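Have a look at the structure below before the remarks.
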Amino acid sequence: MGKLNSGVPEGELKNKWVNYKDNIDLVNPANKRNIDVIVVGTGLAGGSASATLAELGYNVKTFCYQDSPRRAHSIAAQGGINAAKNYQGDGDSTYRLFYDTIKGGDYRSREANVYRLAEVSTNIIDQCVAQGVPFARDYGGLLDNRSFGGVLVSRTFYAKGQTGQQLLLGAYSAMNRQIARGKIKMYNRHEMLDVVVVDGKARGIIARNLTTGEIERHSAHAVVLASGGYGNVYFLSTNAMGSNVTAAWKAHKKGAYFANPCYTQIHPTCIPRSGEYQSKLTLMSESLRNDGRIWVPKKKEDVEALRNGTLKAINIKEEDRDYYLERRYPAFGNLVPRDVASRAAKERCDAGFGVNQTGEAVFLDFSSAIMRYGKEQALLKGLDENDASLVKKLGQDIVKAKYGNLFQMYEKIVDENPYETPMMIYPAVHYTMGGIWVDYNLMTSVPGLYAIGEANFSDHGANRLGASALMQGLADGYFVLPYTIGDYLSDDIRTGPISTDTKEFDEAEQQVKEQLNNLVNNKGKHSVDYYHKKLGKIMWDECGMARTEEGLKKAIQDIKSLRDDFWKNVNVPGGINEMNKELEKAGRVADFLELGELFAKDALERNESCGGHFREEYATPEGEAKRNDKDYTYVAAWEYKGEPADAVLHKEELNFENIEVKERSYK
Amino acid sequence: MSKSSFYTSVGYKILMALSGLFLMVFLVQHLTINMLSVISPDTFNEASHFMGTNPLVQFLLQPVLMFAVIFHFVMGFVLELKNRNARSVDYAFKNPSTSSSWMSRNMIISGLTVLAFLVLHFVDFWIPEINTKYVLGDMTGLMADGNYRYFHELRHEFQSLPRVIAYVVAFIFLALHLQHGFKSSFQSVGLTNGNKRLALLKFGNLFAIVVPLGFVVVALFHFLTQSH
Amino acid sequence: MNLKLKIWRQKDANDKGSMVDYDIQNVSEHMSFLEMLDVLNEELIEKGDDPVAFDHDCREGICGMCSLYINGEAHGPDRMVTTCQLHMRKFKDGDTIYIEPFRANAFPVVKDLVVDRSSFDRIQHAGGYISVNTSGNTQDANAIPIPKDDADLAFDAATCIGCGACVASCKNSSAMLFVSAKVSQFALLPQGQVEAKDRVTNMVNKMDEEGFGNCTNTGACEVQCPKGISLDNISRMNREFLSANLKKS
């Protein structure tokens, strides 16, 4: 086990980033024109980084597997983006955002990175408004804010339930400006299949043109991975169907350490699954918990009646309902952080109180909110507040104005009217806090290889707070990476163009082609999805919301044998030199089958419960997560050594000098 | 408008709309005079004589009208062809009525029908008119008996049943054309928004019925009030 | 339920392509349309046939990648949904369903139901942005108040997902709704005013160059748009275009 150097600059927390920026090496504008940078992924991080790097003068080549950069999955983020603007005057500050993020991450993130994130958060909002992002405004024409889980201020900026879309389109428009100038060369429908390392530095990638199947070599002076998270290792998640770990995993195999793979966020408010054919899970914004109350019946017989359809939720009496979040966490109630809310739902369902056929659903009920808003409206409008049907109508209008698009989405999927009957929700895999290890510069353990956004591990510790992913992606891409990468590239001003005609490129391309050939020539019995679903089940059962030593050991064995079976029996129809969607999936699932094992190994190694990682052995008597700060206040960064089982652990100790490490309580 | 942007789809669309709006104004004017023939033959004759002999109308408005008609039709054809070419492989199964009206999709059919009628109309009224005035040089507008000829000629045209049927059919198609054309021209020049658009839509539907109906009423009135 | 599917199959961009019949059994009404196609593909793979290629990604109606023309309608018979949000409960046992790619010369077919919509990207390159540096050193976000109504309208226009349903459902393959949504978003905001004239002219020119047809105001795009983008945007763009060019000359 080695020690890792995070490269955090000396000095007072508040001044680190400012001093650091003042002292790093810069590349002069004329020299930037001679330097190429590859960016993989066009979500908030990749899109904003591409645009900014191009604007600075670098030659940027950007890759995405979708047919347009605008479709990256950041687009699906709903709720909002945090920033310490304190426009509401409710006592917010850079320090408070920093504090909430560290606490929300269960004291498993790097102080300096998180402080920097909080520091640049305000610039993001200024930048986005200047770009024409239509954030929600109040009647005075100023920006509006809402509140999210795990915090006590209103610092979340939003654009209805489509904040991610609006921010991504902002980054996409900034990219378009640079594409028009010829500073970004955009490669749509291209998938990165390997990193090329020359003399210990990342110097290019191998990519497959997904339209023609052609294998291409691309060189650059630095490579930036912005390829998102790996939630799809669970098969069912709220990620897009194409979201994958391949870019990150190939980088890992080329020497980039993979950090904290077991930190996964399971989002509490998703639509429950309905059948075997299900391909993905749909999330509904956390903002629903501002007004919705979560409950299950108190009595088992009511649960039975609900399941066999003889009882309707609305007919269960108030005193027979168990509002378990309000019961267990009176201070934060329904607005506890995501990990806490998810585990609480699982606890009730495991105890047999799940309210649908599969036993995996709880109610999210707006009837109280509808009546509360309705009464308020009746008073405001001078109407009869005792007229129940009028009050209900008025209340429904308010709820519709606030959450209309989410309610409509629910109705389209489930075919039930959520204004009349409580919604059913269940947790689903949503975000991965773990990812490629990076230092303060966002550089991985491979020089010249950077990782930003969800692809890296850095800012959210063991649990991410709502509306912070958008903040991190844009902070990395617009305001952090463009500075820090200059420090590295300043050594490359005399390097000249990187040739793709070298043995390193030959070898990498050869390996990629071999794997593709193996997949299409295998002609086995089972489809790619067959394996992906099996892997997903193992991950969900053993590495999901609650993990045990025994289960994790079993998972490691099961994943390994599933992987062996995959390489023997997978069936990938079609050829290599054509558009082949099954082949794309096969490559991604092959990497998930390796990552899954490392994931379980990491979870097994971490003998504590923190944030999204909950080990049943390490819990308080009330069932709350129990951290072990003495032994586990570190980042677990894994080095690839041939098989996931052989991965070597490197520890980066985490020091908290500006915040008191406490039990994370929301009671 | 600068030359380069004139040759864009939006530029064409605006010109289509402007020529269409002009033609609609002309229709209203035409209908007003036609209506006079029902109310008072004398007023009709006087108005017709004025329109037929006033130099401003004859040498300025008439050429503008001719140009608008020709432009509207030629441009309509060109755009229709261009639009058809924008999708060279068509769908195997189409269900367009779920999202748009027949009228809006078939302006070319209603337009062609109206064009065919215009040809007939030219042969019936306009060519003899030009012949009388500019070839024979008779600018008096009088018949041998000393009365104005306009009302008499009008009555004469509406004697024949087939002609009246053709006339009525053409105006039904004009109604269909206007049903879409009216609101479409306002949309094309950007004069519609939200509630204004809905109000215009209602008014447009009314316009599309009232104006053609007016012409039909005139035709039927004259057909029914004379012996055959 | 059991269904008969008629699906457009085309090996690659150069292949002629044709409609091919498939039968599918035991479709659950709770499936999404794409999950139904997943099941069909699993069966095809089992039989050793080539699965049907179609674009899809987020499967929650926001990425704009899915694109099918189902029974003569873009994104199928339901309203305000993308194909991935269309559920099989909209169909009946025994139905025949035609599944075709979005068709327009500006959207050439790549394979089966997959089309190339990069023409949309190129229109955006022509002016779909505000020229502001990404340095973050702009003025404070609250420096310019924007009336809520304008901000809301700009947002409504900005919710376009760029799926191309407007083009697919337009009898003229016109991209006016798409282009006007972007033009409107910026035209409604003070930040967008500076470049407004060039933006509308350049984007319209690019749209024509890409081979989209002309708008004849049939309104089919608005009906079929999964995000309900309003025709008001087209009107606004026409107005912007007119005023930009009248002022310019």
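Points to keep in mind about this one:
A, B and C are the chain letters, set down in written order, and residue numbers restart from 1 in every chain.
Here is the rule we go by: contacts are C-beta pairs under 8 Å (C-beta built on N, C-alpha and C of every residue); 3 or more make two chains touch, one makes a residue touch a chain.
Everything numeric in this text was worked out from a predicted model, so none of it was measured.
Judged by the touch criterion defined above, the protein chains link up one after another in an open path, with no loop closing it.
When chain centres are set by their Cα atoms, the one at the greatest distance from chain C is B. The centroid of the Cα atoms in chain B and the matching centroid in chain C are 37 Å apart.
The centroid of the Cα atoms in chain A and the matching centroid in chain C are 26 Å apart. Inter-chain centre distance (chain A to chain B, centres taken as mean C-alpha positions): 62 Å. Residues of chain B in contact with two or more other chains: none. Taken in their complex, chain B has these residues touching chain C: 1-2, 4-6, 8-14, 79, 82-83, 85-96, 98-101, 104-105, 107, 180, 183-184, 187-194, 197. Within the complex, the chain A residues that touch chain C are 48, 51-52, 55, 66-73, 75-76, 85, 87, 120, 123-143, 159-160, 162, 165-166, 169, 172-174, 176-177, 179-180, 186, 188, 211, 238, 240-242, 274-275, 277-280, 282-283, 408-409, 412-413, 415, 478-479, 527, 529, 571, 573-574, 578-579, 581-582.
Put simply, chain C touches chain B in their complex at residues 6, 8, 19, 69, 71-73, 77, 98, 100, 103-106, 109, 169, 171-174, 176, 201, 204-205, 207-208, 211-220, 223-224, 230-232, 234-242, 244-246, 248-249.
Contact residues on chain C toward chain A in their complex (touch as defined above): 11-12, 28, 30-32, 34-36, 38-39, 42, 44-46, 48-51, 53, 55-65, 78, 80-81, 85, 87, 89, 110-111, 114, 116-118, 120-121, 124-126, 128-142, 145-148, 151-152, 154-155, 158-159, 161-162, 185-186, 189, 191-192.
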